[in-house]
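Let me give you the structure first, and then I'll get to my questions.
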Amino acid sequence: QGSNPLRIGYSMSLSGGLAPNGRSSLLAHRIWQEDVNARGGILGRPVELVYYDDQSSPANVPGLYTKLLDVDRVDMVTSSYATVMIAPSMPVVMQRNMCYVTLLGAGVNEAFKYDRYFNMNVTGDDIRANYAKGFLDVAARLPTPPRTIAILAVDNEFAQKAAESARYLSKQRGLRIVYDRSYPPTTVDFTPTLRSIQAARPDLIFIGSYPPDSNGILRAASELRITAQMFGGGMIGPQIAAVQAQLGPILNNLVTWDIYSPEPTMDFPGIRAFQEKYRARAVQEQVDVLGNYLQPYAYAQMQVVEQALNRVGKLDQAALAGDMHASIFNTVVGDIRFGAHGEWAEPRNLLVQFQGIRDGDLEKYKKPGAKVILFPESLKSGELRIPYGAPA
Amino acid sequence: MPILAGNSLEIAGLDAGYGAVRVLQGVSLSVPAGQTVVLLGTNGNGKTTLMRSIMGQIRATAGRIRASIEGQERELVGLSPEQVVELGIVLVPEGRRLFPRLSVEQNLRLGAYRATARAALGENLALCYELFPRLAERRAQLVGSMSGGEQQMVALGRALMSAPRILLVDEPSVGLAPILVARTMEMIAEMKARLGLTVLMAEQNFHQAVRIADRGYVIVHGHIEFEGESAAALRDNDLVRQVYLGL
Amino acid sequence: MSGALLRAEGVGKRFGGFTALHAVDLELRAGERLGLIGPNGSGKSTFVNCISGDFAAHDGRVSLDGQALDGLKPHRRARLGLARTFQLPQPFGSLSVLENVRVPVLFAGQAGSATARAMQCLEQVEMAGKAECLPRELTQVELRRLELARAIALDPQLLIADEAMAGLSNTEVDQILALLFRLNAAGTAIIMIEHIMRAVTAFAERLVVFVAGRKIADGVPREVLALREVEDAYLGRQ
Amino acid sequence: MSDASLPLAPAPAMAAGGRRHLPFWLGAVGVAVLVFVALRAIGNDYGYFAGYFILQYVVLATAWNILGGYAGYVNFGAAGFMAAGAYTAIALRKATGLDLLPGIAAAAVVGALLGLGTGYLTLRLRGVYFSIATLCLAVVLQTLVVNWDYVGGSRGAYIVRPREVAPFTSYGEYLFLVMLLLAVLAVGIARTVEVTRLGRGLQAIRDNERAAEAVGVPTLRLKLVATALCGALMAVAGAPLPYYSGYLNPEGAFSLAYAVNAIAMPLIGGAGTWAGPVIGAVLLGSLQQAATVTISSALNLFIVGWMLVIFVAVAPRGILGWFRRRR
Amino acid sequence: MDGDLALLLNGIVSGLLLGGLYAAAAAGLAVSFGMLDIVNIAHPALMVAGGFLVVLVGTALGIDPLLAAVLLAVPFYVLGVAIYTFYHHFFERRGDEALQGLAFFFGVMFIIEVGLVMAFGPEQRFLDPPYAFVTWRIGEIDIPLRMLAPALLAMAAIGALWVFLRRSFTGLAISAVAQDAEALRLMAVDPVRIKRLAFGLSVALAAIAGGALVVVQPVEPSSGQVFIGRVFAVCIMGGMGSLPGCILAAFLFGVVENVTASFYGPSWSPAVAFGWLLLVLAVRPQGLFGKLA
């Protein structure tokens, strides 16, 4: 029995649009696997990861999870990255009453209300009330209080939720929304869109975008010399090393949502060791070289599973779920606790700002100071600089 | 003016066909320099097959095809159509085979693709429009939308553009109005005279063909059944009279 | 009863700036054998296409057996009994000869066994032996026959044969002629477009001549052929 | 440029026995029952999911074949029709609470109407022009869905399906059975088309539309029937999708994979016959499924790509073409 | 200047620049698809592969991406010749190209995409020349060199190709070859050689387009999918095989997209652009500049 491995199964996006995040999370998982096996595994059993490439296609997911559960008979399931991949796995996982720790879903459980669902994401239960809060809170303290805001978001579920939050909170705080549009992921040229935004002369520009578009948007913004007191908000992309390398000074003074920054306020136990191991292998594995984004969360995702299993001491899904609801987990992304719906009990959406960026060199992102945390108060590590568009 | 000497074709014991179907069996004929030779034969007797074998579009299974061009002897069997055309042997194919979505002029220009013809492009184009004034009027029309007769002119013109030494023509009269059949024959004769061509023409229209023919062959079921040394000899032959003159 | 089977009045057709047909009138009695001749490019095929509905004529009206055809699609006209063959044979390349003929029977024929009727049509054109062949295995004559068999299968009142004999030998021309005569004897009116004068004179009871998109003569063949304009434009000096 | 007349395998001359319907239906139902019983005996839900995955492609490929195989009109917009079906099911559920089966019926209607509309809009187009027009249609549809908040817009729609359906061991089994019946129905329809005059007419259109019209084939009507049938079946293939995955977003529903497979599968099996798409879908579908669940890396797609190339290269007339003697 | 007018003018200018990129992407297809009748659905994937290699070569040699693209055009020409040779051997020679060829190129597309993931990883790649950060400003109108330089290169390449096609016999043969390859042999032209050459050229153009793409935006292995619909649409709208038509259609497409984005929001751009194409097709099935034979 001792050498009989404990199998954790999931689907991963190793090809297709989600592959960059998929592959780097996989590397984080493998590092965790090595760490845990070096410690003697879980419940005395070595850990084995069973994963398949879902090709970033949601239609593959239900089949893969059925295979994992019915044929491979894995002991635990976790998820790949992103809502669109997690949601199609839910019916299958729920059917088998498995305890399910997922990675960066957004509001998946609002529909399913599954009590064994646990999500590793900082957004918390109420995305609408929390996601853009940092952006608007920080804006509220600007020397000249902003009166208008423009909102632009890509047509995908996460960015739309981000935009909805910005819309909701803006209205709540009496900001006038002078531009509110979405764009299709196939957009190539953002110049006309940004020019329309510019024409509306907003004080704040909130953008919900995804990696390839974030580049286009920021490039176009710099070409059009767009300035605003604050620009950014919900951009996914500037967190990624390749984007940081390419955009260089264009990122300066950009404020955006984030989940991790190597600031002293986030120096959680184990995170440096993890990132060291990760960075040592990232180039060779052709994944994000910094590991400053979801990679620590992927590691932490497995830590949650590990700690629950160790506490419960047996593969009892109901007991595991109970433990997860009740316990605090000490992970490389800090101590976390899950709320009733499986989201983090206390949301921890960061608002960060790129500061003093003069070039695309990546070394600075390994140290504090390049991407300072403005929000939440508890993790704050620097002061806001305005406006966006000013040289470093 | 081109040298008249030595553009001739000599076919000996030629066998050819399509896969298992043997169409030509031991065909021998000669096209002497500067002459117009007609190949008579009703449908499906192998005229087109012979033309295609000469051009290298069909590989002969036996026999020889020797061309003498400007005093140079060449064996044609085994050559590709491109190589045959490069030698100056040009075919006006059955069904004309024009490029329907190109204009008249583009079709004509393509005719001048072979190296020697390129040099004379301007000259030949002018000659072409002189011979076929209708084409000059319609030089920008897409060939696909032209009537049968007009297309036949383009086909002849295109062959002319290749600056041929030996011209092969496969059933030029098909689908042409009587007046045009006559005119086509005259045009072929005129092209021959102007360019000093040697001509091999497959035809069913005996009366018209024989007007410009110096000699002729009758092909029946892939065999040469009769060889007429002159137009008169053809006219007097029983086989010809039976098949073509309905006597 | 006016007696006219086909009546075309003022049929005109332009291609861009070029007028291929200038207001052509033509009437045809039931069972008549009409020869339509004219130099290449004089608009014969264009006229046929206007009658059959392949082209939308710019001007004019066409009626068959008293029924106006204008605006009807070609297949409707075909079902009303107007059959045509194409100048270049247009077989259904992936269907066997028999299936080629079954298509019109299925869509326009009467009830009964389509296969039997199709075979019957093939027998009429002496193609029964090739029923299982694919069109690419046929010779030119056979393709013409297939073309005719498909037309016959429509039980037409009027058959327009657009150069059904081009490129055929004398004997073959005679065979097709005999076939057309047989059809005609059974009551089908026929318009024959042909450049083979032997066939035209043997077949037509009336001759129409087109030149440059205009009808320049219409009458008894002997008289028409003797006309100066016809000789100049079409026959040439013999 | 290549007009509607695409060179395809010559249709087999229908033998007299080919027209008998009862044996076919009995056979088809027999096979279906056999498959179902076998999977049930294995008693493994994964079998149902893999089966569903393959069967949806059987329906999709069969639908494509009606227009593409018989009539020679290559439809690039399969994903659009499929998504139209899926979103019809979602919209119906949101509006009325009706679930899968009514959703399928509604999808059939919507798909047929959409097909009819496509047919009308593109009736003058032939060859590649038609193909590109269908591609455009899919893009336009996707934009509409993305901007249609009622069905979730770009955020996607959740369908929380019941965990159990009365006599079945699991919802997966139920879905599989539904898709199995749809597949039998689709193949049956395709075969009926093939052996009736509709199929002959479509083949005539494929070979030579002008000549078809001249011999009395109502080409427009036939094409419209074909586009409507094709659209309806494709939509039907998509209708259970939201129930299958519990969540659907436009990107997933309009995935390029559907358009590609809808074309590749009939080609690999042998286009222009009812059995071809079935063979192609089963073969390529199982291959894809097998590659996905056995190879845990991006290599699986790589292999599928190569298999596609190799298949079409070695079996240019489809698998069926191997068995059919060249006449 | 009036705000809306400036917006419109800028929409048009940026649309033209975007059109330059589309033209670069579509020109190769105008040759393979428009003239040779080869439905090369993998063309955008080839373009992206070109983009990756441009990054690789440009970084290694420290040269401008556009220059790297021009250099890469040569090996891409060879690649095109190889692909065509395979295609000819397995499909065209047997007369199976129309549909089977389509499936073949779908396969090629997958292979390229996944091949790129396996070779370079899924991360985006970029290579920014210094001028990519320069924007010219003429009155109210912005002209970013990031968009202008690729557009100019594309125009130059397409112009050269056009002159070649119009002026040379080979060009004439290329436009004839799809219509009747056998007849072409009777003009002393080897149709296979012509097609090989033309397809090689079309793939070489994919390399140039790849360079243009890299300057405009970073590339990812799946970047090509965005372009599939657009480049085919541009080809069709321009009229098959007409290069000037292709360029004009590309410009129109870019302008329609960008003006729509300026005034009605970007989410309607594709629907308007493609819907407009549908309309063009319904009214003028042969495309804007196509001729009917």
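Think of it as A, B, C, D and E in the order they're written, each chain with its own count starting at 1.
Operating definition for what follows: contacts are C-beta pairs under 8 Å (C-beta built on N, C-alpha and C of every residue); 3 or more make two chains touch, one makes a residue touch a chain.
Owing to the predicted nature of the structure, the values given are computational and were not obtained by experimental measurement.
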Completion exercise
Contacting chain B as well as chain C are chains none
Practice task
Spell out the chains that contact chain B while also contacting chain D.
Solution key: C, E
Problem - Contact-richer chain pair (by C-beta pairs counted) among B-E and D-E - result: D-E
Fill in the blank from the handout: Cα centre of chain A to Cα centre of chain B, whole Å, reads 77
Completion exercise
When centres are defined as mean Cα positions, the distance from chain A to chain D in whole Å is 37
Practice task
Take the average of all CA coordinates in chain C, do the same for chain D, and state the distance between these two points in whole angstrom.
Solution key: 42
Completion exercise
For chain E, residue numbers touching 2 or more other chains are 113-114, 117, 267, 270
Fill in the blank from the handout: Listed in rising order, chain D residues that touch 2 or more other chains are 7-8, 143, 146, 298, 301
Completion exercise
Flagged in chain A as touching 2+ other chains are 14-15, 19, 155, 182, 184
Exercise for the section: Write out all the pairs of touching chains, ordered by chain label. Expected result: A-D, A-E, B-C, B-E, C-D, D-E
Handout entry: Complex interface listing, chain D residues touching chain E
Key = 1-2, 6-8, 68, 74, 121-122, 124-126, 128-129, 132-133, 135-137, 139-140, 142-144, 146-147, 256, 260, 263-264, 267-268, 271, 298-299, 301-302, 304-309, 311-313, 316-317
Handout entry: Residue numbers on chain E that touch chain D, as the complex places them
Key = 33-34, 37, 39, 86, 90-91, 94-96, 98-100, 102-104, 106-111, 113-115, 117-118, 178, 225, 228-229, 232-233, 236, 240-241, 267-268, 270-271, 274-275, 277-278, 281-282, 285-287
Handout entry: chain B to chain C touching residues, read off their complex
Key = 42-44, 145-150, 152, 171, 174-183, 204, 243-244, 246
Exercise for the section: Could you pull out which chain E residues touch chain A in their complex? Expected result: 3, 6-7, 10-11, 14-15, 17-18, 21, 113-114, 117, 120-126, 128, 133, 135, 142, 144, 146-147, 216-218, 220-223, 226, 254, 257-259, 261-263, 265-267, 269-270
Exercise for the section: Please name which positions on chain A make contact with chain D in the complex. Expected result: 12, 14-15, 19, 50-55, 57-64, 66-67, 69-71, 83-84, 87-88, 90-91, 94-95, 108, 110-112, 154-157, 160-161, 182, 184-185
